[in-house]
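Okay, so subunit A shows up in both of these, paired with subunit B first and subunit C after.
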Partner chain A sequence: MAKVPKKILNDPRNVVTEMLDGLALANDGRVERLDGKDILIRTDLPDSKVTLLIGGGSGHEPIFHGFVGQNMGDAAACGQVFAAPSPDTIMDAAMAAHRGKGILFLYGNYAGDNMNFDIAAELLEEEEGIDVRTVRVNDDVAAAPPERADDRRGIAGDIYAIKVAGGAAEECDTLDEVERIARKAVGNLRSMGVAVAAGSIPETGKLTFELADDEIEIGMGAHGEAGIAKQKIASADDVADQIMEKILDDMPLGKGDEIALMINNLGATTMMEMLIVNRRVRQILADRGTIVHRTDVGTFLTVQEMAGFSITVMKLDDELKHYLDLPARSVGLSNM
Partner chain B sequence: MAKVPKKILNDPRNVVTEMLDGLALANDGRVERLDGKDILIRTDLPDSKVTLLIGGGSGHEPIFHGFVGQNMGDAAACGQVFAAPSPDTIMDAAMAAHRGKGILFLYGNYAGDNMNFDIAAELLEEEEGIDVRTVRVNDDVAAAPPERADDRRGIAGDIYAIKVAGGAAEECDTLDEVERIARKAVGNLRSMGVAVAAGSIPETGKLTFELADDEIEIGMGAHGEAGIAKQKIASADDVADQIMEKILDDMPLGKGDEIALMINNLGATTMMEMLIVNRRVRQILADRGTIVHRTDVGTFLTVQEMAGFSITVMKLDDELKHYLDLPARSVGLSNM
Partner chain C sequence: MKELTDSQVVEMLRQVSKAVIANVDVLTDADLATGDGDHGIGMRRGFEAALEVLVPGLSVQDAFKKTGMAIMSKTGGAAGAVFGTFFRGGASAFADAQTLDAARFANFLALSAQAVSKRGGVEEGAKTMVDAVMPAARAVGAEASDDLLAVFTAAERGALEGVEASKPMIATTGKARSLGERSIGHPDPGAISVSIILGAMKSYAASL
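Presenting the complex of A and B:
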């Protein structure tokens, strides 16, 4: 069994608050922590815009709190490690970020997040009269069959959803329009991951799951939720084939279809491995005549020092391409 | 002792060539692999410009080969894992990227790289009449005392040096000017790292060094070269204090000085740890009145799945700020 890795921390009980301080500072003045709360918010918010509020548990950095910025989230409501933000935190973030045109809540589909964001949405509508819409990212094809797609977890597809919705919230005039575009992005997202080794919980040092020395788990969730199958460790090409088969069964892609492709490091995997996987994924897509418009290989949604990676595909049309390609600046993702 | 981590690879003997294929594809057409050689080169090179050639051993992705692009390197000469590129590879990369205005070689200060880049420079000047200048990054303050600064290794300071020199090579008309600016950037760079656990060599699965379960090593080099001291694992604040003391002894910073600050993941460290370290570094700098103009917290120079991080400081003036702030696009670093 794997050993618990060493971490360089201060008091483990303070990891979230110290991390949020460090994250706010890493934004070079463009984002600040709101009144010492577990909320990050843009300092350069325009006076009038549709608001994009994102959020989720900590411990998955840079998601979610690292994706606040121009053409990205306007604010993030942050939970404790692997725990949803509280309704109060979500309310406070929403009130501070609202600019008169309503708020889109965009987050990963987990029971705790769903419950707390829904409570906050209800209170904001009833008590403050703010129009709130909710789009949940449910891109993990391993989590449930197509007929129960609403039960699927949100994994690294979150990032493309935030990038598209962030651009739309900057440019579009109505919440209806931003919601429509975000919903289209999410509908076109499919992801699946593979776990090679567990990460550990910073407060306790405990591993989130166990895998034998020669085992991997295909389709495992971001917190160690059970995947499709434990199996003996396999080659990069074989693992890529398995993941892509499942994604393409769920969302067929053919000649001339255009996509964005993300290979996301779950924590401790080398970029060399991900690039070798990218090579194979591109062979599979080229065989179908599918065009990769944009590639992101890097570290976007982690589970502490978990080893493994996920593959995300977003099918594009001209509208999604436009918002995806807008320049953006945040700690977790920037592009010109 | 630590276990050797599992990796998802194909034939371990092919890791570099498969990785380079995957890396070229990750550039979405803006960079290609040159004739199947271990060379990555921009496809959008202007007809006339000063050329910036970078390069080094593989296994440290995204550096160096992931930093080719607009306002970054024009081409990268790539070696095998942890080994310098051959003089032939460097020659071929230089010839393909040359656009009539001379070439700046910019790379980390290691004996193997120095030897091979110097051989290539001599041949390019003698046989091809191309003006070649060399700037070696030597930012690791742990590697030698100030009076022997030329013996210091290049670590994550490479990235800021490439960003500045890449911008200068895009905008400046002469090799003299690009060399001057790159040299100033390197002179203003200081870095130091800490190792928490070793990475492994993909071809053999062997760890690059050994550390006891409760030990860390401050100042360790990017390949496991000996650092300043092995010590018991310490708090994030304590480790940050030790590293910053050494950096600031070497390059004093005071009230009103402006810097760029990078906290670089050596592979398997969580972003949470790096953000907590960032918090402490900012306290130290704020106490001195030093201004952080730009922050980069992420994964830029790795040693496979080594755990640990490095801190890099670049002292800025208006000229360095200008070139550092130019938009750039590459697999390893992009910004608007």
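Presenting the complex of A and C:
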């Protein structure tokens, strides 16, 4: 008998709208919800800037809508749980956030997001004459081999991509330049995760996949998409080794290379486990002489109550470092 | 029966919407096998929105267009884009038409199939709703009848054959893609939705 997951909610059909109200309020005035739509937008948008529009399905909080603010997304178009936002929502968000210098769409590479953002981009260009560019995050090395990198999903690498592109959109004068920097960030991102237990969609009350009590799945996607293989539960060091081997096969790192490192909680994993994993990852990197410029261990992209974590590496140069490190405050990225 | 009036088309699309909404659990369970299980609730959101715009007085073309726009606006996800495109993409087949007849419906289905395939960037064989839409369009073409009930019956049969044909396929797009060979044996939930939509058209025509 499948257990019905416990969640403290009101009407499960209203989770997205109630969550967005709460999220806007939690930003203490820096962000507001747009006219009751599923859109969050900065309240401190400058009169003239290149616009960074982010977005995707809800249910992965704090991403995406938790990363709206200065040096991050200017607005976020939010879909229902695990479902891309509609073209209407994306267009409304784009029109509200546009400040005359074009818009970069930055989102995770999923069929639904690609289609809905593409429809919105076509309409914005045809009907409003707005220059729209698209950069899709495809950091999940488990999803496809390197020669089919376009088939890779976007997972926690989204956060570093948003941080870099957001900084660039704040400081750079042209959409060309912001697009170039965002593409470089995405090209330097690699991630992979492990699932220990499933999460569930509030409205269906059903777990999105099944794992036996003694099983884990390495490489599983952010919606429970199948990973590389199910296996018996293993030690933190062993799992970290397996994930880092895949990441480093894909993007070799050597002596003197600098990276940003993220250990992301998929929802229900303890900070203690993630810190133990971080210890092992640092041993692996130290053995190679790779320098960790910055570490982010925390909860950035979740899959409801899914247990597990992902490891993200972004190879840095001076330009990426500069934009990544610009100050930002939001519910997703506190600088307390 | 050779044709449906504009008000009958509105009523037929309302019956289609209700049929999809009534099958939310079937679609959820089908999607849980290969995806994340949100297909049913997404389709329910979209077709509930369609019911709100399907009001008396619409032309045949507008009834299909507005249904597609409502679905695209409210469903979200891949399903919103492709099922919105399904209803909108072929609506030009009814331009200036006072009625829906077999020839226009065949044209609609052929245009919709092309539009959906283009929007999704997929051909047949990828284990998607295209695997139901294409055979439905072919079945209607082969039926070459001017009797609407016969045409809708052929469309549903083509879609159901597509649902069956999708079972042994390996998904190459969408969230099921990562399952690879593990997707074998399960029908595509979007293909099931197509068969429900065309089946509801047949049931409506049969009830007249």
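Just so it is clear, the second predicted complex is superposed on the first by the 329 of 336 C-alpha atoms of A that agree within 3 Å, B and C clash if a C-alpha of one lies under 4 Å from a C-alpha of the other, contacts with A are read in each partner's own complex, and residues count from 1 in each chain.
What we mean here is this: a contact is a pair of C-beta atoms (placed from the backbone, for glycine too) under 8 Å apart; a residue touches a chain by one contact, two chains touch by 3 or more.
It should be emphasised that the depicted structure is a prediction, and the values quoted were computed from it without experimental measurement.
> Consider subunit A as the common anchor and indicate whether subunit B and subunit C clash or fit when overlaid.
These partners fit in the superposed model.
> Regarding the shared-chain residue A:100, is it in contact with subunit B (first), subunit C (second), both, or neither?
Touch partners of A:100: none, neither subunit B nor subunit C.
> In the superposed arrangement, does A:10 touch subunit B (first), subunit C (second), both or neither?
first
> Just subunit B (first), just subunit C (second), both, or neither: which does A:84 touch?
second
> Check the residue A:46 against both partner chains and state whether it touches subunit B (first), subunit C (second), both, or neither.
neither
> Who does A:252 touch here: subunit B (first), subunit C (second), both, or neither?
neither
> Which holds for A:289: it touches subunit B only (first), subunit C only (second), both, or neither?
Neither subunit B nor subunit C is touched by A:289.
> For A:151 in the superposed arrangement: first (subunit B), second (subunit C), both or neither?
second
> Give me the angle at the C-alpha centre of subunit A between the C-alpha centres of subunit B and subunit C, rounded to the nearest 10 degrees.
Roughly 130 degrees separate the directions to subunit B and subunit C.
> Rounded to whole Å, what minimum CA distance do you find between subunit B and subunit C in the overlaid structures?
Comparing every C-alpha of subunit B with every C-alpha of subunit C, the smallest gap is 17 Å.
> Can you list the residues on subunit A that touch subunit C in the complex?
57, 79-89, 110-112, 115-116, 119, 143, 151, 153, 201, 203-204, 206, 208, 221, 223-227
> Which residues, counting only subunit B, touch subunit A once they are in their complex?
It is residues 2-3, 5-10, 15, 18-19, 21-23, 25-28, 58-59, 61-62, 66, 70, 194, 196-197, 199, 202, 213-214, 216, 233-237, 239, 265, 267-279, 282, 292-295, 297-299, 302, 304-305, 307, 309, 327-329, 331, 334-336 of subunit B that touch subunit A.
> What residues on subunit C touch subunit A, complex-wise?
Per the stated touch rule, the residues are 28, 32, 35-38, 40-42, 45, 72-82, 119-120, 173-180, 182.
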